[in-house]
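For clarity, chains are labelled A, B, C, D and E in written order, and residue numbers in each chain start from 1.
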Amino acid sequence: DKLDDIIGSGTLRCAVVLDFPPMGSRDASNNPVGFDVDYCNDLAKALGVTAEIVETPFPERIPALMSGRVDVGVASTSDTLERAKTVGMTIPYFAFEMAVTANEKSGVKSFEDMKGKVVGATAGTYEAIALEEQVKAWGEGEFRPYQTQADVFLALSQGQIDATVSTSTVAQANVKSGNFAGLSVVGKAPFDTDYVALFTNREEYGLINYLNLFINQQVRTGRYAELYEKWVGGEAPDLTVGGVYR
Amino acid sequence: MFDTALTWNDLVFLGQGAAMTLAVTVVSVAAGTIMGFVFGVIRFQAGPVWSMPLMFFLDIFRSVPLLIQLVLGNALQSIAKLGWPPFTTSCVVLSLYTAAYCTEIVRGGIASVPVTTRRAARSLGMTWGQDMRYIVAPLATRVSLPAWIGLTLGVMKDSALVLWLGLIELLRASQILVTRLQEPLFILLICGAIYFIISFPIARFGGYLERRWSPHD
Amino acid sequence: MFNYTFHWNQALRALPQMLDGALVTLQVAVLSMVIGLACAIALTVFRLSGNRVLSGFAAVWVEVARNTPALFQIYMAHFGLGNFGIHLSPYAALLAGIAFNNAGYLAENFRGALKAIPDTQTRAARSLGMTWLQAFHFIVLPQMLRIAYLPATNQMVWAILMTSLGVTVGMNTDLAGVTQELNARSFRTFEFFAIAAVIYYVIAKAVTLAARALAWRMFRY
Amino acid sequence: MIEIENVHKSFGSLEVLKGINLNVDNGEVVTIIGGSGSGKSTLLTCINGLEPINAGRIRIDGTEVHAKTTDLNRLRQKVGIVFQQWNAFPHLTVLENVMLAPRKVLGLPKEKSEEIAVKQLTHVGLRDKLSVYPSRMSGGQQQRMAIARALAMSPEYMLFDEVTSALDPMLVGEVLDTLKMLAEEGMTMICVTHEMAFARDVSDRVAFFHQGVMAEIGVPDQIFGSPQRPETQEFLGSVR
Amino acid sequence: MIEIENVHKSFGSLEVLKGINLNVDNGEVVTIIGGSGSGKSTLLTCINGLEPINAGRIRIDGTEVHAKTTDLNRLRQKVGIVFQQWNAFPHLTVLENVMLAPRKVLGLPKEKSEEIAVKQLTHVGLRDKLSVYPSRMSGGQQQRMAIARALAMSPEYMLFDEVTSALDPMLVGEVLDTLKMLAEEGMTMICVTHEMAFARDVSDRVAFFHQGVMAEIGVPDQIFGSPQRPETQEFLGSVR
């Protein structure tokens, strides 16, 4: 099966999104770095193979897997039921809190202030879907999906949109980078925690089992906390949900 | 005038993007032209009725947005487990896209050679192949070349869309730099200038050829 | 080789939504053509005006429109202008980008058409006592329109295809935007984009056929 | 009466007309012959003001053509002109071609201008072609239509610039016959032509142009029978 | 010897040749005259196999042209043909035009084919035009080049299809002179022409075609002097 194939071939090819700091981005010499990049490297080490980072924009993650161009997605992919109809999801390997980032000129100070404003998020992400729903519920304002996280923050800093909801890690990383003047994280968004999973082909149970165990081991050995500290900082979020078996 | 954080390294990165744009263009136009040539000859020889299925197939590539074609092509190859890298997928889709336009150019070129000239060739004892090679090909090339150059430039510009599949071509390279450096206008202007520098002289040359060759000779 | 199961049902359920998107697509395309035509006429007049500034402006517009990717132009309209604090909504940016592109190509088309009308036509008209304006209106313009018509309908088809680029600037109401959103939610890329492709094809063909029928009625000579 | 007085005309540094003098009386038919590039067409386009002149004076019925105050569009209604080719407006039917100027320039009502157009088209023998597009007609028919179109403005003078030289030899006759008919009806005409037999038949006077100068002018018998100037002799020799 | 036996030829439902019989002996010159659309050109293109026929038989030196087994490319080397116009390959110089077939079809070496080409071009009086492109030559020169090109294949038969009718009247003479020269040298020729004087001068026999039928054939004096059939009389009357 695929697990054997990976071990046999000696390389693990991971789909990683590289405009999604701190999970994935490029350093000054335009090489890939980030939490997901390290996570993939750890997985490769565990398997005893070398890692190959395949950059995939958000919309390209699934086709890359389906066509066998990558083995595993380490791409901050929300584990929605809709998507699980198409690909096989592991247990969560990371969890995002949602934060509101606003352009200071817009006067948005909290999630509620976003009502009636122009807001945006990265198309197809968990938070985009939730935010779009919310805008509809409010009945005023406008929602704009951009294709990359970078475009969202670019639009935000230009004032094309007033505020965005993104994962708090991304929000912090972008604001801290100093690239964007006049932006600040103004609060949390009252959305459920966004659990993200590794994914591979739906029928590769052997591999999925291995990945589940690997995620478990990462937490157990403290590597998860270590990586979190390195890329995000602070208390690593809990990956379990109370009151239910998985 | 511009106070920029853009480094030499980043310019090299843009250059690599431009090289990718050119690579995709060259491969696609080469493959597309070969296919277009074959299809065009078939189309001319078979006549409008018999070449209908071929024309319908090619028409799809001219009536559906390239973006959709790329996404679909990529999805299709992934479903078929072909395992193509984005470069291959991009080139395959763009080649077919090129071929669809090229077919008409080739057909038009062949049709522009007067029947009597071809008859003159055949009546000297030349075979169909010799006629095609020594008479039709050179004459049709003159008629078609300006349009073909236009097509090539069109494909070069349209190839920007392959960024959708994750290929880092010129526009995508610029976007990456914009993300890091936050100087959208400056970097995009450089990007536009590079496109212009590649495209404009060739376009002018095409226009020159058109004027030069427009009646005959 | 295939172990992918197609979920057509799910995709077809989204068809009404996609058709709504198609309407937006058509709307943007038509508007961009109207604006593009108006700009192209202005550009053509500028180019003929003999005024250096005006004709230079027109030349730069035409060359930039024709020598850079449409995607770039749309991206510029949104993020490039945004840098100056000029904020175009995705809809407006898309419209502006395509209209800019259309204007460039149409202006070039008009110039070619004008050149194709022999000088003697204007002379013949003028020598019947027509003013310059009358000669242009009754003699040059109708002939020019006929020559420019076919390339203009091609441009219309391209405008339709170009609308799909709106997704890059946050457009989510046109056909490509709707499709992409559906795709991002479900990862059913092939099904949704295949349906979108069919819709685009039908629109493009319908426009081409309508244009031909119109030409048949308009140009009898 | 057309009075041409010492007209000079240059295109850039090339002097094409070097002081032309010519009076054409009402009812007179003057033909102009001469080698290619001798300035024949240029003179005609100067007469109806399509080209400005550099020196001299052209008067039509006493009105100076190139004066600032002259309403050229007005004047041109008086002076019809037909060119060598591409005279027909291809997007209009024959009838519309002829009706257009009476309607738009003279401002006549539709019925009236149609009446005029039909009359003139009948005159040149195109009564049965009213709703045909020019592209469906022979070159000769197109030229006759162009003549009818000029006549529909009731001009007092007609200028013809080699109206037959782009035609198939077979079609030349029908157009020349139309010109002859006009001449017989007393129209004042200046015809540039290469058809020597026609020039001889129809003209009251024949002018020979050579390199921007009117080298010789006289009645047909004199010009064709005993040309005075060596250039004229040479030209006539080469034509026959 | 060319033997044409009861040849029928249709384009779709239009029967263009309705049973033609004609033998042309070696060294003989046959001219074909007749109205437009009477099938003259069609017959020539059938003779060298450019068009298939529907019934009948054409043999050249005993080889049946339309038999499946016949190598048409071979046969055509024996039968040269020159058309009304667009004969020249515009992308090649005059010399290259004439050299092409000997090199590519006969497979001769470059020097040899150049020698042949120069010889034939000298023959038709184009020795000084070797490196000129056809577009720089007059129509008459182009036609002479086309004749030289056909002759360079050393054909035994030559077919000419109105080789002068697209030419300026001034250029007709030079081409007809070339044909006359060939006839005098003993070439077997079939010439379709509208030049009656030429037909009378050069032909051994003249054939008159009418609506797909060879209405009459005979020596020139008989056909032009005392045509038997009313169609022939009418045609000759209209031409003169």
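Points to keep in mind about this one:
As a convention for this text, contacts are C-beta pairs under 8 Å (C-beta built on N, C-alpha and C of every residue); 3 or more make two chains touch, one makes a residue touch a chain.
Keep in mind that what you see is a predicted model, and the values were worked out from it rather than measured.
Between chain C and chain E, the least number of touch steps comes to 2. When the partners of chain A are compared with those of chain B, the chains appearing in both lists are C.
Bringing chain D onto chain E by least-squares fit of CA atoms involves turning it by 175°, to the nearest 5. Using mean Cα coordinates as chain centres, the one most removed from chain E is A.
Top-ranked chain pair, ordered by C-beta pairs in contact, is B-C.
Centre-to-centre separation between chain B and chain C, using Cα means, comes to 20 Å.
Rounded to whole angstrom units, the spacing between the C-alpha centres of chain A and chain D is 83.
Chain A and chain E have CA centres that are 81 Å apart. Distance between chain B and chain E, defined via averaged C-alpha coordinates, is recorded as 45 Å. The set of chain A residues that touch two or more partner chains comprises 59, 62-63, 66, 151, 154, 158. Chain contacts: chain B has residues 71, 74-75, 79-81, 178, 184 touching two or more partner chains.
Within chain D, contacts with two or more other chains are made by no residue at all. Of all possible chain pairings, those that touch are A-B, A-C, B-C, B-E, C-D. Interface residues of chain B facing chain A in the complex, by the touch rule stated above, are 7, 9-10, 13, 71, 74-75, 77-86, 163-166, 168, 175-176, 178-182, 184.
Considering their complex, residues 118, 120-121, 123-131, 134, 138-139, 142-143, 146, 219-221 of chain C touch chain D.
Residue ranges on chain D touching chain C, taken from their complex, read 45, 48, 50, 73-77, 79-81, 83, 85-87, 89-93, 100-101, 104-105, 133-135, 146, 149-150, 153.
For chain C in complex with chain A, the touching residues are 3-4, 7, 78-79, 82-83, 85, 87, 89-90, 167-170, 172, 177, 180-181, 183-189.
The part of chain B that touches chain C in the complex is made up of residues 60, 62-69, 71-72, 74-76, 79-81, 153, 157-158, 160-161, 171, 178, 184-185, 188-189, 191-192, 195-196, 199-200, 203.
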